[in-house]
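Note that the chains take the letters A, B, C and D in the order they are written out, and that residue 1 is the start of every chain.
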Amino acid sequence: MDFADLIQILAATVRLSVPLIFTALAGLYAERSGIFDIGLEGKMLFAAFSAASVATVTGSAWLGLFAGILTGVLLSLLHGFASITQRGNQIISGVAINFIASGLTILLGNAWFGQGGRTPQLPNSARFTEITLPFAADIAPIPVLGPIYSGLISGQNILVYLAFLAVPFTWWVLYRTRFGLRVRAVGENPGAVDTAGISVAWLRYRALICCGILAGFAGTYLSVAQSASFIREMSAGKGYIALAALVFAKWKPLNVLLTCLLFGFLDAASIRLQGIILPGIGEVPVQLIQALPYILTVILLAGFIGKAIPPKAGGVPYVKER
Amino acid sequence: MSVPLGTLPRWVNFGLLPLLNVAVAFALSGLVVLFIGENPIEAVKYLVQGALGDGEGIAFTLYYATNFIFTGLAVAVAFHGGLFNIGGEGQVYLGGLGVAFGALALDRIMPWYITAVVATAGAFAFGALWAFIPAWLQAKRGSHIVITTIMFNFIAAALMVYLLVNVIKQPGNMSPQTRLFEEGGQLPKLGWLMQLFGLDIGAAPFNVSFLIALIAAFAVWLLIWRTRFGYEIRTMGTNATAAVYAGIPYVKTVVVTMLISGGLAGMMALNPVMGDAGKLQIDFPAGAGFVGIAVALMGRSHPVGIIIASILFGVLYQGGAALAFDMPNISREVIILIQGLVILFAGALEHMFRPALIALFAPKPKAAAPAARAA
Amino acid sequence: ADVKPAIVYGTGGKFDKSFNEAGYNGSEKFKAETGIDYKDFEPQNDTQGEQAIRNFAKRGYNPVVALSFAWTDAIAKVSKEFPDTQFVLVDSVVDAPNVRSVVFAEDEGSYLVGVLAGLKSESKKVGFVGGMDIPLIRKFGCGYVQGAKAAGATEVFQNMTGTTGAAWNDPVRGGELAKSQIDQGADVIYAAAGATGLGVLQTAVDAGKLGIGVDSNQNHLHPGKILTSMVKRVDVAVHNAYADVKDGKFTAGTQQLGLKEGGVDWAFDDNNKPLVTDDMKAAVEKAKADIISGAVKVHNYMTDEKCPG
Amino acid sequence: MDATPAIELVGIDKRFGPVHANKNIHLSVAKGSIHGIIGENGAGKSTLMSILYGFYHADSGQILVDGKEIRITDSQTAIRAGIGMVHQHFMLVENFSVLENVMLGVEGGALLKGGETAVRKALQQIEREYGLDVDPDAIIEELPVGKQQRVEILKALYRGAEVLILDEPTGVLTPAEADHLFKMLAQLKAQGKTVILITHKLREIMAITDTVSVMRRGEMVATRKTAETTMPELAELMVGRRVLLRVEKSESKPGPVVLAVENLTVKDGRGVTMVDNVSFEVRAGEIVGIAGVAGNGQSELLEAIAGIRKPSSGRILLNGEPVEHVDPAQLRKKGLAHVPEDRHHMGLVLAFEEKENSILGYQDDPKYLKGPFLDIDAIRKDAVEKIEKYDIRPADPRLKTANFSGGNQQKIVLAREIERDPACLLVGQPTRGVDIGAIEFIHKRLVALRDQGKAILLVSVELDEIRSLSDRILVMFAGTIVGEPDAHADEQEIGLMMAGIGREAAE
C-alpha cells in the first residue's frame, strides 16, 4: 500500500466517521446528563428523512439541515418527556423511538413522494457538496503535505468540518462553561444539582436538546451531504455503533473523536479489503470483513477497556419521593 | 408530582392500565392514518376483518403470535434477571440453523415428531449459544449487555448469510436457502384444532409450534415463580445486592438466564422454518426478535400477559397485511409505527395514566396502610 | 378471456427504482392501454408473500404475477391449489401446467454493458458494485466481467454491498465502494444493487467518472454521465402476461428471455448518445449479434457457481 | 435577640404515599439561636427541614422567613432567602473537586473562568474565619467523610446562609471533630446567624442548643428551652413512654472460639484499604461488639466475614476450620448467619412477598424444595411460624415486603437468620430505623441467642447499643482495631478510641 492509498483510506475514514462523531457527541450530552439514549439511531434516521424532504421541497440544503435539527430536537423532547417527566425506562423509550422513526419515515415518505419511502434524488444545488480549500490544487504536488492537504483536508463538505469542530467545542462546553459543569454534575448526582437550586428536569431537557441538535446534524449529513436522498433505514445501525463508541470513549469528547475515527477506519478498511486474498488462508469471506466493526466493538468492549464506568446517575430517573 | 407505589387493584394494574396505554397508541396511529388521507375506521375494519374475520385469518394471526410468544418469553426471562436482551433477532436467526440441521439430517428417515424433538433441541442450543458470549461478557467483564447483544444481531446476520451462501445452500438453487425439508421435517398444521371451533384453517401455516409455544410459556411460568433458580433470577433482577448477600452466584445466574433466554428465542425458528417455509432462508426472523421486546413489556413479563400481547401483535401483523392489501396507500410500515407507539405508551410511558387511575380506583391512604404497627 | 390482473412484488418493495418498479411500470402500461385496473401487494415477509398470492387466486384474480425468485415455493404450492388460475413467476422456474416462468439472461445483458465499459474506459479498469451478495447478483457481475475483459479491460473490481436485505438500501456504502474502486483507478462503474445503486451512480458522477444503471433504464438519472443501463424487461414480461390472458393466448412453461428475445438489452438514448461513439456502438451491437448467433458464449454463473477469469 | 423569629413554620403537612411524614407541624426558630430538633428515626425531621429548604414540597402549610411568608418552590428560593442546609446524605458530586462542588449553582456567569477565581478567594476567607481548611482542588471521593461534611458547610456559607440547617452532622464525626463543629456553630451564633441542628443524641442537644423541639411519628410533640429540660424528659418525649435504658442480661459464659479472623485486609472498589490487618475471635456464648464512627471499616469487615466482599489477604476460621471458598452460600452452610446493616438494599427484596423473603439466602435448603421446584406449602408454613414467633405484623406471608414498617421488616430478617439456629451470627445495625418497642424485642432475642451458646458479632454505630449488648467491645478506627476497652468502660473512654486516640495517649 503506498502513500496515496493511505490518503484515500484516511479520506474515506473521515467521511465515514462524521455521522458517528455527531451521533456519539449527541449521546455524550444525553448520557453525561444521566439520560441513556439508545434512540440515537431513530433520531438520526428521522432527521435524515426530514432534512432530505425539506431540501427536496425547498431546494435548500440549509433549510434541510434546519428541519433535521428540529426533528432531532423534537424526538429528544419526546424522550425527555418519557424519561424525565414521566420517569419511564430510558432504554424502552429509546427503543420505541427507533421503531417509530423506522415506521413513520417510510409511511410519510411514501405518502408524500410515492417512492416507497425514498425521497427524490437531490440536485447538487440542494446538497452540501465538497468544498475545495484555497490552494488545494497548488499544494497537491508537494510530497506528503500536498496529498494530505488536498486529498484529506480539502474537498470535504461543510458538515465534515463542523463535525470536527464540534469535538473541541463540546469539550469546551463541558469543562469550561456553567452549563457543562451542571450537566456533568447532574449525571453524577442529581441531588447535588437539585439542592443547589437548579432544576434537574430542565437541565436534563436542555442536555437532550443539545443531543437532538447533534443528531439532526448526523441525519442531515447522511441524506443531504453524504448521499443525495433519504433511503429507508439508511442509518443502518450507525446509531448503535456511535453508542458503542461513546462507551469505548468513556464519555469523553476527545476520546469520542478518536474512537469514531477508529470505527470509521475499520469501516473504510472493510470496504477496501473486500475480496483480498490472505496468503495461506485464501479469500477472506466478505461477510467476515463486514462484520468486523461489530466484532471489534465487542472485543474492545470486553478486552481493552474493561468496565467503562458510566455517569453514576445514568439510566435511573430522578425520583425524590418514592 | 409523586408517583406512589402501586396500590391499585390488580385488575386495574394488569388489565385496565395496559389496555388504556394500548388504546392511546392505537388512537395516535389512527391520527397518522387520517393524516395520510385514509379513513381510520375503515382501516380498523379491514384490520380486524383480516385478522379475525374467518378461520384462515385467525389461524394466520395465531401463526404470527407463535413467533412473538417465543421471543416475548425470551425477553421476559432476561428481564426478570434484570438483563435487557436486545439480541433476540440474532438468536432467532441462529436458532434457525439448529432447526435446519435437525430437519436436514432426519427428514428423510424419521417421522416429524422425532425430527421436531431434535430440531427443538438444536434451535434452543444455537439460540443459547448466541446469547452466551454477551452473557459471559456482561457477567465477567461488565460489558453492557444491551450493546453486545445489538452487536451480535449484526454479527449473526453476517454469519448466517455466509453460511447460507457458501456452506449450506442447496446447489443449483438461485436463492440462498436450504433444500425443502421433506415430510419428516415439517411440522403438521393444526387444522384439527381449528376444526374443534368450527373454523377452517385454510392455507394458513398455523402449526404444532403454537402448542410448543404454549408449553414453553407454562414452563417459563414454572421456572420463574416455582423453581429455586427462578427465585434466584428474580432476586438478581430486583435487588442485585440482596442476590450477592443471598449467595446467588452472579456469573452463573447471568449466564444461565441468558442461555434460557437465547434458547427460547432460538426456538422461535421452529415456526417459520419447520412449520411454514420448510426451508431455512435468509432474513426469516423478519424483526420478530424486536417485537418480542414490545410483547414482553406489554405482557408485564408474565407468560399469560405475553400470550395475550402476542395475539394482539399477531392481529396487528395479519390484520396489517390485510389492511395494506386493501388500502394501498397504507404501506406495511404502519405496523412498525404502531409497535413503536405501543412500546412507548405501554413501556416508557406506562405510568402516565397511573395518577389519574389512582385517584379513581385506589383505596384511600388510611385504609391502605397496614393496620398493625410494630410490636 | 376474463382478465383480472394482480401482482405481488418482491420484499424489496414496489418503488425500488429497478426490478420491482419495472413490474409496476408494466402493470401501469397495461392499465393505460386497456383501462383494466390491476391489484398489487407489497409483502412484508415471505409468509405474507405466499398469503397474498393465495388471496389473489382465491378472490378470482387472473393472472397472478409473482415478482422475485423468493416466491418460487409459494407459486409451486398455490398453483396446485388453484389449477384454473394462471400464474406468472419472474426470475425463477416452477414446472406446472398453469405457471409461466420468466427468467432473464442477465449475464448476456451484463456482458454487453461490460463490453461498452471496457471500450470506454481509459484506465482499462472498471468496477462492479452489487447489492446483496446472492448468486443472482454474482450472475450479473460475472457477465459484466466477461464482457469488459473481452473489450480489453485489464482489471474489473467487484464488490458486494452487504450480506443482508439492507444491502439493497445502503447508498452510502455503495458510494464508498464506488469511491474505493475509483481510487484504485476504475473509471466506469456498473451498479446492480437496487437503491444502493443510486449512491454508486451519484459517487461516480460526482467524481467525474461514468456509471452504468441496471434493470430499468437509468440513463436519465444523470444525463450525459451514465454510460448506459442494463435493462431487464420485467415490465414487458408483466405486461405480456396480462395481455396474453386477456387475449386468450396465455401459455405455461418457461420463457428464457435473453438478448435474442429482447428480454435484456443495453440502453441507448439521447441521454447517453454523446458518450457512445459509433465505433463503440458497432462493437456492442456486434457482441450482441454474436451472442444471439451463438458465436460468443457467455458463461452463466448460476450453472456452476463459478466465474471464469 | 430579635423578636421576629428567623423561621416560622405553620401547619406543615406532608405525605409520601401512605406515609404521613409530617402532621400539621408548627415551629418557630428564634433569630441568632441554635435550635435543636430531636426524634427517633423516621420521625420526620429530615422531611420537615427538606421542606424548609425547598427540596420537598409540603402538601399544605406556610413558611415565614423573618416574619414574611414566602413560597419556597425550590432550593433556589430557599438559598435566596438565606437558608442553607447540610443534608444527612451529602449532596456532593463525588468525582468533582471541592471547588467545583462549591461553585455548582453559583458559578457567577456563563463561563467558569471568572467564577473560579472568585470562589477560590471567598473559600480562603471562609476557611480562615471558621478554621475549615480543605484543599479546594481535592476530589471529593478521596476525602474522608468528616472533610466531605466541611465541604457541605462551605457550600452553605459561600451561598450566604443566614439560617444553617444541619441534619445529623455528628453521625459521621469523631467526638473531636464534633467538638470542632460545635465551636464553629457557636461562632456562627455569635455572628447573629441561626442554626437548626437535627440529631438524636441528647447529649449534644444539652451541650449546645438554646431551644429544642421534639418530633414523634410525624408530629411536633413539644418545644422546650434547653435550660429548662432534662435528658430523661426529652427521651420520654421522643419515644412516648419511659425508656428502658439497659438490657437485662446475665454474665456471659464464653465457650470455645467459633469465629476467628486472622490478619484480614479488605480493599474497596477503588483499591483503598478499608480493613487493615485485623485479627480477633468470637467465642460461643458471647456477644462481641464492634464500635466505631461510621465509615471506619466496620461495614467492610462485616461484609468480608459474610463472604460478600473478597478480602485481599487474611483468613477466616469457623469452628477452627479455615473457610476455603469465602462465599455467602458456603458460609451459611457452615452455620454462619448474617443480619446485614442495610435491610433495604441487602437483607430483603422489597418487591417480594414476605414468605419469599423468609427464605432469602436459604433458597437451596432442601426443606424448601421439591427437586428443583420451590415447595410453596413448606415455605408458607415456615413463614407463618416465624411471623407468630416474632410477632410480625401484619401477619400475612403473602403481603409485599415493602408494605411492612421498618421494624417489622427488620424482624423478618432477624427471624430468618436467627431461626436457622446458626453457630455464629453477624449482626449489623440491628435496630437502625426501628421503633423502641421493636428495639427491646430485638435486643432480647440477641441476648437469648447468646445464652443458647451462640457466637454473635455485633456492629453498630450506636454506642449505647454496643455498650448495653456486648460482652466484649472492639473499637475500630481507620480500618484497624485500635483497642478493646472494658465492657463497662465509660463512654468518654470509648469515644476517644473511636477518634483514634489510644488509651495511653488519652491518659
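We adopt the following convention: a residue touches a chain if its C-beta (ideal position, glycine included) is under 8 Å from a C-beta of that chain, and two chains touch if they have at least 3 such contacts.
Each chain and its UniProt protein: A, B = ABC transporter permease; D = ABC transporter ATP-binding protein.
As the structure is a prediction and not an experimental result, all values here were calculated from the model.
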Using the touch rule from the top, work out which pair, A-D or B-D, shares more C-beta pairs. B-D
Measuring from the mean C-alpha position of chain C to the mean C-alpha position of chain D, what distance in angstrom results? 76
Mind checking the centre-to-centre distance between chain B (ABC transporter permease) and chain D? Centres are C-alpha means, answer in whole Å. 45
So how far apart, in whole Å, are chain A (ABC transporter permease) and chain B (ABC transporter permease) when each is placed at the average of its C-alpha atoms? 30
Specify, in ascending order, the residues of chain A (ABC transporter permease) that touch 2 or more different other chains. 116-117, 287, 290, 321-322
Residues in chain D with touches to at least two other chains are numbered 16-17
Could you say which residues in chain C touch two or more other chains, in rising order? 42, 133, 163
If you go through all the chains, which pairs of them touch? A-B, A-C, A-D, B-C, B-D
Once bound in the complex, which stretches of chain C touch chain A (ABC transporter permease)? 13-17, 42, 133, 158-160, 162-163, 166, 169-173, 175-177, 179-180, 183, 195, 198-199, 202, 206, 221
Complex contacts: residues of chain D adjacent to chain A (ABC transporter permease): 16-17, 53-56, 74-80, 85, 87, 89, 91-96, 100-101, 103-107, 109-113, 115, 155
Touching residues of chain A (ABC transporter permease) toward chain D in the complex: what are they? 175-182, 184-185, 188-189, 191-199, 312, 320-322
In the complex with chain C, residue positions of chain B (ABC transporter permease) that touch it: 60, 63-64, 157-158, 161-162, 165, 171-172, 174-176, 180, 203-205, 272, 276-279, 281-284, 286, 317, 320-321, 324-325, 328, 331-332, 335
In their shared complex, chain C is touched by residues of chain A (ABC transporter permease) numbered 5, 8, 12, 15-16, 114-118, 121, 129-130, 222, 226-229, 231-234, 236, 267-268, 271-272, 274-275, 286-287, 290
